[in-house]
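Take a look at the following structure, please.
Chains here go by letter, A, B, C and D, matching the order in which they are written, and residues are numbered from 1 within each.
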Amino acid sequence: MRFTSAVRKVSLGMLFLACLWSASAVMAQDVIKIGVLGVMSGPAASWGLVNRYCAEASANMINAQGGFEIGGKKYKIEIVSIDDRNDPKVAVSGAERLIHEEGIRYIIGPNIDPTSMAIVPTIEKGAAISIPYAFSKKLFTPPAKNSILGMIASYQAGPVIYKYLQDKRGIKSIAFVARNDSESLNQRDEGVLAAKALNLNIVAASDSYETGTTDFFPVMSSVVSSNPDLLVISGAAPADTPLLIRAARELGFKGIISTETAQDAKVISELAGDLANGFISVGGASTPAIRSSYMEEFIKNYEKVAGEWNDEAGTKVYALEIILNTIKAAGPAALTDISLFMKAIDTFSMPNPYLKDNRPLRYVGLGDFTQRRQISVPMVVTEYQNGDFQTLFVGEVAN
Amino acid sequence: MGQVLINGLYSGVQYALIALGLTLIFSLMNVMNFAHGQLYVLGGFVTYYVYGVLGLPFVVALLAAGITLAVVGLLFDILFFRKVLARSARDESTMLLATGTALLLDSLFIIFFGEKHRGVPTVISGVMRISNNIFLPYSRVLIIIISVAVIVFFILFMKYTRCGRGLRAMAQDREAAKLMGVNVDRYSMFGWALAAMLAGLAGAMLVSVSGVNSGLGTWLSIKAFIMVMIGGAGVISGAIIGGLMLGILESFGSSFLPGNQYLAIFIALIIFLAIRPRGLLGRQ
Amino acid sequence: MNRKQKILLLIVALAFYLVLLPYLCRDRNYLLGVITTASVLSVISAGVWLIFYIGRINIGQGAFALIGGYTGAIAISKLGLSFWFGLVMAGIVSMLVGIIIGLPLLRLKGVYFSMITLSLTETARLTAQSLVPITNGPNGILNLPLPGELSFFGITLIPDFAKVNKHIAMFYLSAFLLIASYAVLYRIINSRVGWLFRSLQQNEDLASSFGVDVPRLRVIAFAICTFYAGIGGAFFVAMQQSIYPATFSVQDSTYFLLYCFLGGLGYVFGPLIGTFVLYIGFEMLQGLNEYQPLIYALLMIGMMLWLPNGMLSLRLPFLAGKKSPLGGAK
Amino acid sequence: MAIMEIHNLSKRFGGLAAVNDVSFEVKEGEILSVIGPNGAGKSTLFKLISSFLPASAGKVLFQGEDITSQKPHIVARKGVVRTFQETTIFREMTVTDNVVVAHHLHSHTSLLGFFFGTRTARQDEKEFRERAGDILDFLGLGAVKNEVAKNLPHGHLRALGVAMGMAANPKILLLDEPFAGMNAQETDEALGMVRGIRERGVTVLLVEHDMSAVMKISDRIVVLNFGKMIAEGDPEAIRSNEDVIEAYLGREDEEIGI
């Protein structure tokens, strides 16, 4: 009878699906899975993809040496990455997938505040740690405890840069321009507060542009007309920064331009060329002057994975390395139990393998978050000159 | 104020190019091409490789972008749209097919062109200073000139050539055109190629000023829809006016309503269309 | 297929969905989450489907889901109301907005209606971003509590979600919403109301020639559609415990269309099947990284080329009874 | 007694007057035809009377009540029901279902009532089905009542259109070119149908291009040319009216290009 046979067919199909799902959860042995969750498509794709490429490049380096040793046993590192499209709900289901399906406890990403905040309930319930590249203090301040800031926050770099420029170049007035989304607007608000604290004269702070804008003349016209000494581009995507710089210069802006997020020199040189000379931004371990041979090797691996180097990776190189070493310090049980990991955070320290001088790599954040929830990525303030970043100075977050 | 107007005009002529292509496809086939922004992005990437990476002259890049996109347009029609259109009289199938192709192009871009924003050296450097506080870089002057030239050429083409008249007849009434002996299949193929070419040319010019990245397509498609709706779908003059209007509105919006320019534009658009559903110049 | 077989099939399907599926996924929070999400998205898609049914393409469903989501979130977090009240309020507010906006806009047809609803989605996102005092702007509303206890004269009807397995509780709530909304939809389509809707889709002039109040009927359909969106949005927000301007975007609005279309516009259960297959399929493809959207896009285009009437048009014998074809006419 | 009065009705599109200051009356129980050469404004007039187009000027009174530019469904509810020139029907439904749906005006139940399937709703449905069967038999569609509409031959489709109009219980039925494209035999059947409608007490106003059919059936005829009414009277009077002959002949001259 056709009807019964159809019911049987469908039931079989459903059973098959169910088996398929169960099978995918079986974990292979002696592998540490690390998740990367971030935006890997759309205009901001480079943020998440750089995270992924960094993690994959680091994992390749480690696996090439037979794996990473924890408690006398070598583990292969496997990177599982998910594109959250900068969409909070995709981020949540992605985090659930990483935690509950893949059995992952340590997640690198996401890249912006909304996605990072959205997964907080999920990672708390699922007992996982995330390393967001987003700056909202709520993520890292108690009662939150499962997120660790992976880079220098804009509100940490901002004041340092403004102070430096105030002291060395005598700036008195400042203007901000931001992209019209939560991430950028928040960073702008933090920047405004920092500038106020330094008694800088804020001449423009309400201008913003939409994601996907290709012509920045309109927004820049209005900012430039306020004629500030320093123009801060808040939370700029690497794609937009050079265009903003170019628009400002073409509109006759003579002051200094800076941003607090990592940029890529190639993108800047392609799009803005010499107009970007003197542009100040924050990088990681990427400038040739300060990087170690291990970093050089990493760059080679990165190029193999991604096809070409991206300066944004300079700040994102740290996450995988520090996660693994902290687990090592906390003992193999920390592979599944993040409370051990959290305990180890407070005392953990290792030499920064990516820099020439032996700076320690550890967890900081007591000042901003009252708890250690930030990787002590060096704050490398750089100035763009003729196609490359030059290091102005290397700072760090105090504690 | 003068600067605001000039900014608007600059965006406006480029937008008009995009809107022309979109409105052409719409009038010929009643398809709202959701992938139009993606075609524009593809034009940008072609130029990036030809002009930026290979270092050939900009004119060559412009031609290459135009030709590549014309071919892509042809393929779109032959592989996808013709088949679906032939079978279905409903709007929704082609609309969703277009969404599918947009997603397809988006994901192909990120696989082939990567995540970085790409730009090329300026074609002409230097800034024209119109008055004390009005600036216009020469690179933008060039774009305005090329865009206007392409638009004029397009209008002349549609008015005075046999092919253009065939296309217009088809846009008026597909069935009647068929009866009059217009080869509808060939002309729709041609229409697709032409429309995609316009988008490609606009993209090629964009990359010389603003650069291009894999994720720009969707937002540009939405903008193109806005322009077409302001002017009236399926009308050439409407597309041009819609493009210019959006450029100017954007420009005024960002100087007088910073941060909320698009909200204002969208609300105005909805109210406007509620009163005048066919746009400024659309057939009522 | 006769009535008995229909009922049997329904019982089998419900048993699978309500008993076997949660049992299989009892320790698989992620899977249960995926199914829960698919359930609630299919409620929202059902609204879009109904608008297809009266002959309009609604790309504004994201806007109404967002309105519902914010209404729920604000009711819970700022007004301190219970989730259950917020859920109903979300549906009603979204519906009221739908009626007010629908009255003038439903006059538009074809591409014009689609484009304006598309703009609506963007408008909702930008409004949520700008109305900082109410919506908390770009930061979104965070840390929403889980649904609390619902009791009636001291009798607990639904327990506090924080005290039971959250994932299971959410699943059953979504299942309830799904079953209720599709039962209503099924009833509408198979009653005279559905016939009238169908008459609108086929020819509004003809319908008004025999006295059908076309504008009123269109608005009624739109009200149901936006009510579903509001309820779905509020539930979704409660499940995620947060809402942002980007929670429902243009992309989501177009996905709802796809779900309906690929499930089959001619079938009441089209949006349900479409949402489940496509949403779960998309999740299953996550491991493919950048190839995921590529494969998804190819599947979509392939479906459009070879299965233009949706998945349910595969003439599986046991589905025959659910057929309620839409006209081929414009 | 006049069931409908048309006073100085005009419709302009841009600068062009499609209907220009037209006035006439329709008497209860008669068959009145509006004729005229192509482009004379017949279709526009038809849409104005049934309120599918808003008038630029003038009035339409139905049983003494002003119905000008009211919503079409309101006008239909009052008893002014139109049919369509194109074969506009619900193609995917069966013939009976088409007519059942068209019974909308008779329902005693609200939409909610139908949704819940109340007793009155079920009664309504039953009654509609009976009445639909009745109308279909009367219009000679009884044999095909379970066919899907799109499979019907041309003539049956037009009859179905009329059946749907009848279902709305009209006091006056407006027929849009009921004989267009029919051969002699089909026309004869259609003429019988129109007479039958009148016998059921329904006034008929029809718009038609086919002169011979109109002459056979009409009680009175109104002639339009270039949007203006040029003649009114019984078939005999119209046949011998100079202006009418001029209008038709003159137009034909133009068409052949003399």
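Assume contacts are C-beta pairs under 8 Å (C-beta built on N, C-alpha and C of every residue); 3 or more make two chains touch, one makes a residue touch a chain.
This one's a predicted model, so the numbers in the text were calculated from it and none came from an experiment.
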Touching groups left behind when subunit C is ignored (all other chains fixed): A, B | D
Chain closest to the middle, measuring from C-alpha centroids that were averaged per chain: C
Greatest separation from subunit B - chain, by CA centre: D
Mean-CA-position distance for subunit C and subunit B (Å): 33
Cα-centroid distance, subunit A relative to subunit B, in whole angstrom: 35
Centre distance in Å when subunit A and subunit D are each reduced to the mean of their C-alpha atoms: 71
Inter-centroid spacing, subunit D versus subunit C (mean Cα positions, whole Å): 42
Junction residues of subunit B - those touching two or more other chains: 106-107, 110, 218, 259, 262
Residues of subunit A whose C-beta touches two or more other chains: 40-41, 180
Interchain contacts, given as pairs of chains that touch: A-B, A-C, B-C, C-D
Touch list for subunit B against partner subunit C, complex: 26, 30, 32, 34, 80, 83-84, 87-93, 95-97, 99-101, 103-104, 106-108, 110-111, 218, 222, 225-226, 228-229, 233, 259-260, 262-263, 266-267, 269-270, 273-274, 277-278
Subunit A contact footprint on subunit B (complex, rising order): 3-4, 7-8, 10-11, 52, 106-107, 110, 114-122, 127, 129, 133, 135, 137, 140, 206, 209-211, 213-216, 218-220, 250-251, 253-255, 258-259, 261-262
Residues on subunit C engaged by subunit A in the complex (per definition of touch): 1, 5, 9, 12, 16, 24-25, 28-31, 33-34, 37, 129, 137-140, 142-143, 166, 236, 240-242, 244-247, 249, 251, 283, 286-287, 289-290, 292-293, 316-318
Residues on subunit A engaged by subunit C in the complex (per definition of touch): 2-3, 6-7, 10-11, 14, 18, 21-22, 25, 40-41, 52, 80-83, 85-89, 92-94, 96-97, 99-101, 113-114, 117-118, 120-121, 125-126, 136, 138, 180-183, 185-186
Subunit C contact footprint on subunit D (complex, rising order): 50, 52, 71-73, 76-77, 81-84, 88-93, 97, 100-105, 107, 111, 114-115, 117, 121, 124-125, 150, 164-165, 167-168
